[in-house]
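First chain written, first letter: the chains are A, B, C and D, and each begins at residue 1.
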Amino acid sequence: MAEYNMHILVCGGTGCKASESELIKSNFQHRLNEFGLSDEIQVVLTGCFGFCEKGPIVKILPDNTFYTQVTPEDVTEIVNEHIIKGRKVERLLYRDPETHELVGDSKGMDFYKKQIRIALRNCGFINPENIEEYIGRDGYAALGTCLSEKTPDEVIEMIKDSGLRGRGGGGFPTGLKWQLTRKSVSDQKYVVCNADEGDPGAFMDRSILEGDPHSVLEAMAICGYCVGADKGLVYIRAEYPLAIERLKIAINQAREYGLLGDDILGTGFNFDVEIRYGAGAFVCGEETALIHSMEGKRGEPTVKPPFPAEKGYNGKPTNVNNVETFANIPVIINKGPEWFASIGTEKSKGTKVFALAGKINNVGLIEVPMGITLREIIYDIGGGIKDGREFKAVQTGGPSGGCLTKSFLDTPIDYDNLVAAGSMMGSGGMIVLDDTDCMVAIAKFYLEFTLDESCGKCTPCRIGNKRLHEILEKITEGNGKVEDLDRLRLLSNVIKDTSLCGLGQTSPNPVLSTLDHFYDEYLAHVTTASCPAGQCKALMHYSIDPDKCTGCTLCFRNCPVGAISGERRAPHYIDQSLCIKCGVCVAKCKFDAVLIG
Amino acid sequence: MEMINLTIDHKPVVVRKGTTVLKAASSIGIDIPTLCYMKLDDMNIENKPGGCRVCVVEVKGRRNLAPACCTEATEGMEISTHTIRVVNARRTVVELILSDHPADCLICAKSGNCELQDMAHHLGIRQIHYEGAKSMYREDTSPAIIRDINKCIMCRRCETMCNDVQTVGVLSAINRGFNAVVAPAFEMNLDHSVCTYCGQCVAVCPTGALTEVDQTGAVIRALSDPTKTVIVQTAPAVRAALGEEFGMPAGTLVTGKMVAALRRLGFDYVFDTDFAADLTILEEGTELLNRLSAFMEGDKNVKLPILTSCCPAWVKFFEHSFPELKDIPSTARSPQQMFGSIAKTYFADKINVKRENLVVVSIMPCLAKKYESSRPEFSVNGNPDVDYALTTRELAHLINLGNIEFKSLPNEEFDAPLGESTGAAVIFGTTGGVIEAAVRTAYEIFTGKPLPRIDFEELRGMDGLRKATIDFNGTPIHIGIAHGLGNARKLLEDIQAGHSEFHAIEIMSCPGGCIGGGGQPYHHGNAEILKKRQRAIYSEDRNKILRKSHENPYIVKLYEEFLGAPMSEKAHHLLHTKYFDRS
Amino acid sequence: MNKIKNLADLKKLQSEVQSKIKLREKGDSPEQLVQIKVSMATCGIASGAKETMNFLIEELDHQGIDAIVTQTGCMGYCYAEPTIELTIPGKAPVVYGFVNKNKALEIIEKHIKLNEMVDGIIPVAYSTIENK
Amino acid sequence: MPGIKLSEKTIGIIQQICSDFRNEGSELINVLHQTQGKLGYLPAEVQEVIAKELNISVAKVYGVVTFYSFFTMIPMGEHPISICMGTACYVRGSEQVLAEFKRQLSIEVGQSTPDNKFSLNCLRCVGACGLAPVVMVGDKVYGRVSPQMVKNIISEYKEGCASEAKSA
């Protein structure tokens, strides 16, 4: 195989793919071909770089140039200027939002400075469709070491010593889980990888599977060796076609190389992996529901115990871990548990991948050491709040989590601190909110999600969440009463206390946490029927300031419902009975004459 | 056996490992309320989805409340069943259910028998603090069952019965979240589905979501119509359960009071389905013997085993699921239909009443009987052999409407000629009974000798699948018994696969047989009630002087006067039927 | 591809393929490595820059020296092609002209290994973007 | 209940899919995925064939189909439009975008236009949060969509660029 002098890495994550990164890749290949450079320069479609805000990303190595928001048309310029003439294309370089200076090298970007990439170590680095690149990065070495040099108990001890906890949300110690499954006696056991990532706004598992599928397969095999399973199943959302495709390729390659299948590395250990598809049910992230779904049933959870470690898939002991958890395993084996445990806080070791989104400049996927503060994430990595607005809160843990306010900006982030703060780690969604976000509406948004995704099996989640949502709806429509706020809290607590599974037990968290931190905002909705953030439509009122209105008729012409009337060059008027509060008039008015109150 | 020590409400209790908190509590007299939970002991029927969350209790050291019905007791557990946290949660959960429930308790078919209503009463709920959207599903009426799933509380009992126990698979949880309910595929009407009308869903439904089609109004109209002669037949299992509706202990035989009540209600003749059961034995028994002898003589066209055909749910079940086996069951009609057929011919002639003016009402422990009586092949020129099939529960309503104080009624006798029966007919009401009755007669006809013993204990019991070999004087006859359609399915699959060892098989759809029928007083999950009814049936048999069907003098007379002989052409025409492929 | 039979085989394959992506790993910390840029515009290629570059890569690899060899555009010293720019960590870049295989070997042996500059240095006429 | 009659060919396709999965009831979800992939949706008649082939009750099949949001019993429009309602998109205004689509197409979520050209659905996070709010038409992703862009997106498909959308 030819060795390349230069590598052009094109992000093939879903976000960038949506912006035609595949076309960018093929354009590169065409141009390089024209210059006869195809043998010297390799173009690779990689997994997600994480810096989705500025995608598509193109990185050129070895000089480590980091181009952002590249379009297929830019390729010619990059080839002509950078590759041939050695001049970086300045307009595509990342510009530091604070200093406004160009940053040519990703090392110099704040976005990457504070990150430690363990689970994402190969994302944006290797070609996920080439097993040899993974092997070149110590891939399958951990599996080889485990099979040839360690007993399952020794490996489990290593995982326990590393302090790794489940990254799917609950934070259950991974080593302990493996040990429980190992202890169960059965003729058949299973290893399941939970890739049914469903939190709205979290996509780390998808990125890992798209960018580094072998790390998950390797870890599953190690897990199989430890718990005594020869069969692995990846339960993956059907909505992730690219991840599925890459995973399939990876499984086939691993089989071809003898790293999955019978007698792996001549050790007599057998392990193979199959894919099972989710079909759009958030509750299937819950282990027991996931197992039912894999069995071809409705994804309804059942009461635990019995835990899957005792009675799981097809009634057999089953170890379920999520993608990110697995992705950490090979590194722990290769670098040692002490190394891993040296990162993070006392009870939360290693790193966590967060999907940073919302009102923040650098939307993207980041991997940071446990114990990092929110401030570092939001301001250093995230580049601060979008449009220079004021930070209000950050929502973590998705529909199961809560909001962290300014006062938590300097709290080190780990499992326990987040729970103590009334939120949770969840799968790692981190939604940044600014002063224009209404917290009642946010709570309602998450509840809507739960309502949609509740399986309907238990009463509190099926009916309780519906009633919670109805109360919130009343409040955002200005029909709430102060007593409703007490009722919200009361009902929330009962739902938490009595629901069958994790979904219901955590579903009121967004409500409780916003009630705790933003009670005044709730109060404003119920006492003065106003929305301080100006987001609740029903509580808004559009009018035209006659002093500012020039009668240009722009609003009149753009109003979709004909609610605006008025003569040319005379102040216009909005008919409140017709107004649907769409905001078009505000957007169109050049004179700031439309008032919202 | 490992033992577990725990305390419940500060009382220490020792239970076997594997015991639930619910059972542990009940063993020391603490009754934790339950709603979705149901267990029929010894019958392998259990429904514990842990879904309603009414049975939650506080476990020391646990973050949230635990459902008692599906939480195993563990060593050192400290349980509290009525702290303020628990009571508040329990009441809130019930309030939530009520907030999504039609508020028509006063006129609901289940009023007075509703477990949700009882629960609201038990918890002293006086106000529902939650209001909002309610489920909006349409009502579905079939020949036997009404579904009003706006009253469904997702306890899933019906789903368990329909799928796990009966393996019919009509009902399933559908949709999700707030819209989740239990319904047939595509929310189709039951009468488009493969529903057998066994009624076990109705028997276990805690609310008014599943109820029977009420025909009491039609019966009252018939009774008040002077042009009609209204006669009634009562199935054997009814007399062993009707008393429960009037507060009498389970297992009380109320045959005489039932007859008295029916007479007071205005029925012109009070007859007994048992008479027709004896008739069934003669027809079915003869058919069995014919097939048996032909088989033994090597006739390759004869198929064995022969299957009983008294149970209409079972008949519909194999018509849907095993149509290729439809020539295996006996062609004998069920006792209800034999009765109707004889009543509207032989008896109508006897009392000189035109068929159209004779109304035959049957009192059945069963919902499928309503459907059976409506099958077109059981009517002549649109006039059904059996006009109305009421359940035991409907009869109780009628008696109440008649202002009859049931408990103090005298014992009265059935009318002749269709009221006389033997002990063999009585045991039709329980699993194993039909085949035992058939053995009593077949043995004597086959061997030409009197039975050395009359009680066949080996055919009795509550196990879902039973088998026995009866020595017919040197010829071993292998008999299989199944109750519950899931068990029946296993036997049918054996037959399909060609390795059934049996000569004859008795099948009843309902767990326990007709005593556990879908039309019986609600057992509310108490299997003891079924066992007591069974004991009552066997004691009625023992108390009879005549205990073999062929000894019933009125049956003998019927053949002499009217039918000729069992399996005669006339008998064929009036007492036998054929089956349809409904797959 | 034949199946990998044991751990030793795996390690063998690993070292084989490692060099293929080493470039990217080095790219993560370029400032700590020896960097060589080979001017590869039309004139450079015509003068044998490609051969020089390949030789540099092979030789450095052979000797186990971690270095980044990249191609770059025209440096402007067309008269002295092939030209390379050598940066030793912590030192200012140095440009050599007329770098054929022999010269390249000399540069490796003396400048890179012993930090002794050799003949043929061209005075730098401008600063690169990176140096700005 | 069935309202349409399946062709022998369609039945053959379904039977093939079922036998690819060894006619095992536990493979129901895989079978449904494949079938919907081939036929576009899962009408009652199709579910009946699947139930028969896998020897499970049709109620169970329906229970599963109605449980998972990925499965649909209604044929999708020629150009299925999906609005991402993930949190990132929500806080960046996807609600307004959805409202605009509803208004422009005069249909509700889960419906198709009378000419069957468009159908409208919501989905939860396609993982392109950097482009929020995100709209998908077929497999094509539109990022940073504003209500003002909705009209243009729709007209792209109205005026016969259908082939491009299909190939994506």
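Throughout what follows, contacts are C-beta pairs under 8 Å (C-beta built on N, C-alpha and C of every residue); 3 or more make two chains touch, one makes a residue touch a chain.
Just so we're clear, the structure is a prediction, and the values are computed from it rather than from any experiment.
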Chain of greatest Cα-centre distance to subunit C: B
Contact-richer chain pair [A-B vs B-D]: A-B
Intercentroid distance (Cα basis), subunit B paired with subunit A, Å: 54
Inter-centroid spacing, subunit D versus subunit B (mean Cα positions, whole Å): 45
Centre-of-Cα separation between subunit D and subunit C, whole angstrom: 53
CA centroid of subunit A to CA centroid of subunit C, Å: 40
Residues within subunit B bordering two or more other chains: 173, 175-176
Shared interface positions of subunit C, touching two or more other chains: none
Residue numbers of subunit A (touch at least two other chains): 281, 298, 452, 455
Touch relationships between chains, expressed as pairs: A-B, A-C, A-D, B-D
Of all residues in subunit A, those that touch subunit B in their complex: 281, 298, 300, 302-303, 305, 451-460, 462-467, 470, 487, 490-491, 494, 496-500, 505
In the complex with subunit D, residue positions of subunit B that touch it: 163, 168-176, 183-186, 188, 192-193
Residues of subunit A touching subunit C in the complex: 1, 3-7, 9, 40, 61-64, 83-88, 104-105, 107, 125-126, 132-133, 135-141, 144-145, 147-149, 256-259, 265-267
Residues of subunit C that touch subunit A when the two form their complex: 1-7, 9-11, 13-14, 17-21, 23-30, 37, 39-41, 53, 57, 68-75, 129-130
Subunit D partner contacts - residues on subunit A that touch it in the complex: 13-15, 18-19, 51-55, 198-203, 206-207, 238-240, 276-282, 293-299, 314, 355, 357-359, 363-364, 395, 398, 429, 431, 433, 437, 442, 445-446, 449, 452, 455, 560, 582-584, 587
